[in-house]
Each structure stands twice: as structure tokens, then as C-alpha cells.
Amino acid sequence: MPLTADARGVYPIAPTPFFDDGTIDTASIDRLVDFYQSCGCTGITVLGQLGEAPKLEHAEAVDIAARVVRRASALPVIVGVSAPGFAAMRALAREAMERGAAGVMIAPPNTLRTDDQIVGYYKQAAEAIGADVPFVLQDYPLTFSVQIAPGVIRRIVNDVPSCVMLKHEDWPGLEKISTLRGYERDGSMRHIAILCGNGGLFLDFEMARGADGANTGYCFPDMLCDVVRLCGDGRRDEAHDLFDAHLPLLRYEQQPGVGLAVRKYVMVRRGLLSCAAQRSPAAPMPERARLEVDWLLERLARKDARARLGG
Amino acid sequence: MPLTADARGVYPIAPTPFFDDGTIDTASIDRLVDFYQSCGCTGITVLGQLGEAPKLEHAEAVDIAARVVRRASALPVIVGVSAPGFAAMRALAREAMERGAAGVMIAPPNTLRTDDQIVGYYKQAAEAIGADVPFVLQDYPLTFSVQIAPGVIRRIVNDVPSCVMLKHEDWPGLEKISTLRGYERDGSMRHIAILCGNGGLFLDFEMARGADGANTGYCFPDMLCDVVRLCGDGRRDEAHDLFDAHLPLLRYEQQPGVGLAVRKYVMVRRGLLSCAAQRSPAAPMPERARLEVDWLLERLARKDARARLGG
Amino acid sequence: MPLTADARGVYPIAPTPFFDDGTIDTASIDRLVDFYQSCGCTGITVLGQLGEAPKLEHAEAVDIAARVVRRASALPVIVGVSAPGFAAMRALAREAMERGAAGVMIAPPNTLRTDDQIVGYYKQAAEAIGADVPFVLQDYPLTFSVQIAPGVIRRIVNDVPSCVMLKHEDWPGLEKISTLRGYERDGSMRHIAILCGNGGLFLDFEMARGADGANTGYCFPDMLCDVVRLCGDGRRDEAHDLFDAHLPLLRYEQQPGVGLAVRKYVMVRRGLLSCAAQRSPAAPMPERARLEVDWLLERLARKDARARLGG
Amino acid sequence: MPLTADARGVYPIAPTPFFDDGTIDTASIDRLVDFYQSCGCTGITVLGQLGEAPKLEHAEAVDIAARVVRRASALPVIVGVSAPGFAAMRALAREAMERGAAGVMIAPPNTLRTDDQIVGYYKQAAEAIGADVPFVLQDYPLTFSVQIAPGVIRRIVNDVPSCVMLKHEDWPGLEKISTLRGYERDGSMRHIAILCGNGGLFLDFEMARGADGANTGYCFPDMLCDVVRLCGDGRRDEAHDLFDAHLPLLRYEQQPGVGLAVRKYVMVRRGLLSCAAQRSPAAPMPERARLEVDWLLERLARKDARARLGG
């Protein structure tokens, strides 16, 4: 089933599990996928920015995508295919789709500046991977240094039919969601799915602005599922209560550099990963950070039992 | 009393109050200064990044600095003097010091790249304003796009005696504080004050890492004072409880663009400012954002009575 | 006489002459202005990027503008007013115009990214300085890191009537001139003057593409005048012969960093300036560079007698 | 024979020849290699920035490297392996070396900022490709936005033994060569080869500053060979005469964007390539540019017979 503009819910950004020697930990991949399915996720994104994709050989990337697709039989899988050139992007996109991926995700190269350059890039990318491959537009200026105005997203959506979803992580970004939904209401842009990234830092308000869900890798994807569900049910106060309980840790994890180490560390403590290792070059977690995260987990456990982790 | 490396506590970044017609609201300046003094602040910084300094004529800037100095008789006042050229920087620094400022703050121009360029810039700036003017090094890569490695800060501190304080707002930044304090312990860098900015987003951990306090403009500076005091008293859990209660609003205010509007809006609601206006070009607060901030205040009020504001 | 869209010919970017002690060398200003007038320049631009404007106090900047205006009675004078804030920009623009300037020049701050941000900036700037002040849009991505697509220039020109001239120094830029002139021909953009900067590196072809002249600071402005005149007279081969003879030196002078030192050094050797000093912080000319420039001048002198300079 | 720090002469950056349908034109590869050998080149660099490397699939890149190695039996071949991740870089480097390449070339990712980040990156890259693979450090801030101070190059050279050559294309860059050679003289840095890129724009002076030759793709590599040889023979005036004759065209070709189209167009006219096509996304050469290049070739032909090309 190809990805469509009706996607909604939570698509966690899956980390890539490694052992200490750098080999891929396939058992943890399976465990992670099972967990995502069991806690209410509606899809999975692999090989994203924090999936350590650039550290993988092409064949490894294809294998991981294929494994997740097989394991997550019921869920659509999106594969990150961002690359400096269209040849590598096309190769990975085609092979991932052949193995059952539902769509791909494309981030802009950080050299793009003008509106026309950005629109042109996505047109060329869509042509390169093939018009039959649905793709997610990743809008993350903080990391990619590319600022995409709402009107530019509209141009891309209108010009490129295979663009079906926005991974929204502009910052600030609340007004951007409102503006895009306004475009849909006034008929100037067709509907696309908007799932929010940026670590989930504004998920509490993004749903009310019109987002369809979350597309980020926070170490408690089950919380993201709950918040999205509570918002959908109109239980706004409960959604905020739960979100606010997690915010101190979520904010800590959202830091660039150390964030992935925090995510993997908590996932190990939760029993989801066997090992917190990153493939080289790794950004390690200093001992002081580990203690701070333990402290945050302890405090979180008072409000969310899922954070009660054995030592 | 000139600023020294022993500065500590909370130096709020003061907004510049305007009326709707763009004129400066001096009564609000006085009220704000009185409030800062009454709630435990140990200094005040004016004309910073969010003080709308570039929208002020030179004479206006000098007047504001002078007014705050007079009103805040007991507190040291730091004046932001960042400028594209050393002539303007020198002029404002000298005039502010003549009117009683305790020191100045200098951000790096966003064209600096290599370590040597950064060190060279601060040497030249210190020479331009005069060796007798103590200054604060503002380290805010998210806004200024200049990445200053800890070793570069050490070079500046060691080479430029008039550098007495770091406005620490690198992101991520916790390890940076630890590294700098390590330099002091191993004798490779003299002591400087480290006060934390970045909206206060990590203040809960920064104090334990060795920071001396906060130097940021969050709309509840009284909370910042409490957290710094609680941390100093070793009441860690209470500090985190209070901080966490504010974190949803603090995170909302820390957004670029809309942040200053949020800050001024809340300060009006708190009775500190008469008017939330920004001088042109202003980044307005959309109605939806206002409702979100009201919601956050209401929720905050359940935990901190200071947020119980008449509508 | 205010600057209009009919400007043409050569508007040299005047350096600011200093003595070794950093004081302004007014006699050299006068000599320079006289020379510009005598060799066929049709206007003068002061306080541009290479006029060391950020090193001048406000009053000094106004004095220099006023002095050049008085001396260059017959020629329109454009004053660079780029500033980080509209208050300073407005102040300098108004004072310069009161003293007889024909218009001002505004470069974009290097934080602008999207098309809308760029258009918005120029609208606000025009409003700040006043709709009665004609201005030059400086388009120099290599230095300012702002990429302005031709369609964005068209939006600015159409939305802001006081924009009358483009200082064209995009790189590459030949197609941009053709595109803009195409907009004029197809009626989608009103006519503006296009004068070329970027050190003059492509002036030989820019004229044929539709440029109206040069607006740059090369140390032989008399050559620029000749090339523009020869192009206007259809003497294309002669224009290229003269230009090519200067190209080795012109290319050398166009280097960032050392370029201004080269320019001032040659102008001293030509008797136009008394002193090659830059105000601090200065980028000095290494001895090896001096010898290379002397070599280039010697070789140039074989083809252009104006380069035969006493040693 | 692995590349060593004694490399010198001219290593042209080879374009990748394509047919109009995007397939690789192997006959033109052979013809090009034969020409490079016949005109005095001492090595060849393939898959560089202007070799359209990102548009090639991995297997294609390996094939091209292998073909050039076989054909250029007498000459060392350097293979560009720059990649966003070390996995892809390592894979291409190992396969190229197995097929007989003499070394590889690595450009820095444009996210690097501080000195330590740059040094760290090259250490990790050298470790990733293996200590036995000699590599060229590509220093091109204009394109890669990474500014590498001379002291940083020294740190890399001293810390990473497999760094044997600098592709020098900083701008301005003459003083950098002098500084690096000074490091060698004062014993603080071991000797490395310095070959100059940046289109050759300053080759006339770079040789006298201590460069060992050229490493750039100008469409007349035979001219580059002559200039390097004349400089080596102390025939300075002849070297400059020849260089200056080419400078108008060389400057035109050095423009970003249109430069590769110009290069391929002239190489077709010279009979070196069958087709000027670029693989998509291509930067085409407008008709006006073609006429300008024809004009430059005609003028050049008056001074260098090699530019007398049949229409």
C-alpha cells in the first residue's frame, strides 16, 4: 500500500541499532518494530536523520528497509533516501519500494537558498525517483539550513503530485501549520498529511493547529501515540498533562549532538535495544549526561509508570 | 562598580517598552527595573538581542541605558553594544560607561568562522572599547551562526583581561559549561562568570554544571531567581519542580520570531509593561498564539500563583 | 537632483582615505573627487562595502558624504546606508539627503533567506528611509550571502517605487542582466538602471547584456569609463583589448581581504591618495603582494600608459 | 604507485563525458586521457566536484575510475570520494584503490565550522578509508563554505600521515601558500604537495609562491602545463604572457553554474569530447553564453594557435 495524503497518527523515526563493534543488531530492529506496532504507531520511518543513514553502506540500508517492511507487515514504512546526488537517491528509493516500502523521505541539500531553487530541487528529485514513488518533504531548517516558506510548500505540493506528506519541523512552526491548512481551506493547495517532527517539542499545540500526528523519534513513542489519541478525542487537558510530564526529558533529548545517545540510552533501559552504540563517528553520552537522564526518568516515573525502569 | 568575574545570580535581559506609536515608554522601564530589583535580580542587561537595540537611534540607546542605570541604583547594568563596526560599538560603550554602566555585552558578527577569526575579533573589540571596559562574551550560535569551541573561549579569556563573563547560550551547552569549569580547575583558564541565556531552557541542569546564574529574558524573571536560589541551597527537587511547571511556557517563549511578542504580552498581563508593542519591523503575535499562551498561563497558575493573572 | 532609473555611465565606489593615525584625509577626498570628475565618471558612490563605512562614527560618515557632495557639484552622489537596524539606516539616509546626496544604497542583511523575507526587507527599508529617497539595491551574494532571484528583484522594483537602480554583482551574473532586461521588454517590470560591480570582472560582457555602466571601485576608474564609452560606441574589439589589458590586475584587486589594500596602494602610486592606510581593523598588504602588484602594473604599462607610474 | 607528497605538475580535473541520453561516453574518456598524457600532464583527477560525481551510481563511478587508471597507465590517478557518510566514502576509496588508483580526494562537508571539527573530520575520514590510502585535502571555501586556516592544515598534515597533497583553492589564497611553505621551512609541518585549483585563476602567481602545479579543469590543460613548465624554467614573462592571453576565457569558465557547460563546450570544439551533455540536473549554456565563448576563443586564437578551432 503506497503512502497517501491521508496518513495520520504516529510514524516514529526508528534509530538503527548497532552492537559495540558496529555490526547491525537485527534482533533489536525486530523488537523495536514489534513495540511500535503494539503501542499504536500507524507507520514507521527508517533511515532518517537520526537513523545514522550516512554511516550505512548501500546494501545495508536496503537490508534494513526490507527487514522493517517484512516485520511491520501491517504498517506502512517510509525510507529516508536523502542523498547528495540523484543517482544514489534513485537507487535507494527504487530498491526500497521494490521491497515493499510505502514511500520515501527527502530532505533538501543545505545549499538551496531561493524559492525557485527549492521547488526545482523537489521537481528533479521526484522525477529522479519516479512519479510513482510517494514522498515526504522534510522541512527542518534548524538542521538543514533551508528555509521553505509556506508558499513554497504549496508550489511543491501543487506541482509535484507524488508529494503526499510534510514532515513538519520548522521552528517556530505553529503558524506554518495553520497557514498550510488555510491554503487547503481556500482551495489553493490540495490536502497533504502533516506529521510533526522536531523531537515533538510542540506536539501539544501542533495537533490543534491541524497536524495529523507525529513523525519523530522521541524515546517514548507510546507517549506520542497517547497524546495524538487524546487530542483526537478532544481530551485536551489530559493530553497536555501527559505531554508536560514528558517535556523535561523530551527537551533534553531534542538537543543536537547528544540527542541520539540519549534516545538510544533510554531505549536500552526500556529493553527495546540491546546496545546504545552508535556507528563511528559517534557522539557519545558523557557520564554527567547519563546521570541527568536518569534523574529525568526518575522524576518522570512519578507521573508515567512507563518510565519506571529497572536500574 | 564595574562588572567582574564574580558576577552571579540573575541578570534579566530587559525588553525595551514601546507605545503603539513607537515612542519609548519610560514609565514601563522604571516599573520593570523596580520589579527586577524587588524579585531578587542581581543585575540587569539592556539593549540585548531581544531589546530591539537595532531599532533604536544612538541617542535613544544611550538614554535608555542611562535611565536604567539611575533607576537600578543598587544593581550593575550591562549594556549590549554589538555593532557591525567598531566605531559604533566604541561610541555606545564609552557613553554607556560614562553614564554608570557596569559593563557591556558583545556578540560576534555572523561572518566569523575560524578559531583565529573569533579570537582576533574579540581582541580588536576589546581594544576598540578600551581595556578598562569589562565585557560579556555572548555565545549564541543558534542566532549568530558563530560556533565558539571551549578552547576558543579559553584563548579569549586568557588573552583579553577585560572579558569577565560568558553569556552562555550554546545549544547543546551543558558539556561546554563543564569543560570551561574544568579549564579553571586545571589552571589553564582564569575564572569568569558564566550566566546562562537561551531562554533558560536548560537552567535546571546548568546550575549543577557550574553556571553562576541566568542571563535571559523569560517573562517570569522571579522564577529564574527562585530556581537559581533553590539550586544554590541544594534544594534540587524543588528547583526542578518549579522549573518544570514553567517549562511549557518557557519553551513556547523561547521560539525565535514570536518569542518577543509572547514575552511582552505576558509582561503586560503581569502589569509590568503598559503595552506589548514592538517598534517596526515587528513580529506580531497571531490570535491563535495569544490563546495558546493564555492556556499555558492558566495551566501554570495551578502550580505557581504568580501566573494567576486577571484577564 | 535625485537619482533616477536613467542613471548610466560609471559611478566609482570611492575608498575612504585615511592617514596612518586613522584620521580622515580630506585633501585626498577632494583630489579623488576631482579625478573622478575629470576622467568621465557620471556619479560617485561613497561609504560602500569597501569604503570602510562600519569603521566610521555617524558624524564622520555624514561629513564625508557632505564633503563629496559639495566637491562633486556636477555629479550625483550615492551614499551607502546599510545598517543592522532601520533606525541607523534612516538617520544616515535623511542626513545625507539633506546635505545633497542624490540617493542611497542598501545591501541586504546576511540573515535573509526566502524570497518573501528579501522583498519584505526592502519594503520596510524603503518605508524607514522615506518614500522620497531613491535607493540602489545592492545584489552581491558572494559577500552578503543573500541570493536574490531575478523574479525577486522584479517584485521589489514593482512594489517599491523608490528603488531606481541595481548594483549588479551577482556571480555568475550575465544571464541575470539579460533576464531583467527581458522583464522590461515583456512589460512585467519597469525600467531601472543596472550598474555593475563585482570589481568589474565581467564588465566586458555586461554592457552588451544590457547594463548601463559600472559601479565598482577598481583602481583605474578611467579604464572603466573608457570601456563603457567604447561599448556604447560599438567599438567592441577596442573595449575588449583595453579591458583584457587590465584584467590581470583587476582580477588581483577583486580578491576579498587583500583587495582594498591593493586598491589603495595603486591609488597612492597614481597620486590620488596620500596614504594607503586603512582604519583598524585593517587587512594589510604583505610585501610579496606589493611586489606582485608592481609586476602587474609594469606589465600593464606596456599596453596602457596610465599605468606608467614613478616608483 | 601510490600518490606521495612529491607530486607535482598538472593533474587536470577530468569532466565525465556523457551522451545526450545520459549514458557514459567511454570513447571520450579514452580520448581525454590520451590527450592529458600527450600534452604533459603528470596525473589525472577524476570524479571531482565538476566531474558530476553525485550523478553517478556507485558502480558507474568505480567503472570510470578503473577505465581511466587502465588507459593512463603511466600516470597516477586520483579519485574523488567525498560523500556525506564514511560508509560510502570508504566503499568507493577501497574499490578505486583496488583498481589501481594512486590516491583519493576528500572535500569537507559544508557543516564543519570550528578548527577542531575540521581536524576531527579528516582524522575520521582517514581512519575510515584506511591509513594506507593517500589522500588529497580539498580546500575550497567558495564552494564548500568551510574555512580552513593554515594552522588547521598544519594540524591535519601532522596528525594524519596519509594526507599527502593539498588541492589549494582558497580565495584569496596566495598568502596561504606562502604561510604553508613557511611552516615547512621552520620545521613545524612536513612537506606536502600543493597543487592549485580554483579554475587556475591565480596560477601565474601561485607557482612563485611555492605551489607544485595545477589541479584544475580549465579547458586548455595544455596551457596549464606550459605555464607550470615556464615558471619552473624561470621564464616568468613568457609564463605571464601565455596565462594573460587565456585569462579572459579562464575567468569566464571559472564562473559557478555555467562553468562546466563552458568547459565541455570548448572541449567538444577542441575535439576532445563527442558531446557537451551533462547528466540531469544539468546547468545548460544559454545561446548568449555560447556566442560569448566563441568570441573569447576567436580573440584567444590571435595569441595561442591552439584556440584556432574549426566552427
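We call the chains A, B, C and D, going by the order they appear; numbering starts again at 1 in every chain.
As a working rule, contacts are C-beta pairs under 8 Å (C-beta built on N, C-alpha and C of every residue); 3 or more make two chains touch, one makes a residue touch a chain.
None of these values were measured; they are calculated from a predicted model.
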* Asked: Hide subunit B: connected chain groups?
  -> one piece
* Asked: Can you name the chain that lies farthest from subunit A, using the mean of each chain's Cα atoms as its centre?
  -> C
* In terms of contact pairs by residue number, which of A-C, A-B or B-C shares over half with A-D? -> B-C
* Whole-Å separation of chain centres (CA-atom averages), subunit B against subunit D -> 48
* Asked: What whole-number Å value describes the gap between the mean CA coordinates of subunit C and subunit D?
  -> 33
* Asked: Where does subunit C touch two or more other chains at once, residue-wise?
  -> none
* Enumerate the contact residues on subunit B facing subunit A in the complex. => 171-172, 174-175, 178, 201-202, 204-205, 209, 240, 244, 247-248, 251-252, 255-259, 286, 288-289, 292, 299
* Asked: In their shared complex, at which residues does subunit B touch subunit C?
  -> 53-58, 60, 83-88, 91, 110-111, 120, 124, 127-128, 280-281
* Structure fact -> subunit A contacts subunit C in the complex at 113-117, 147-149, 151-152
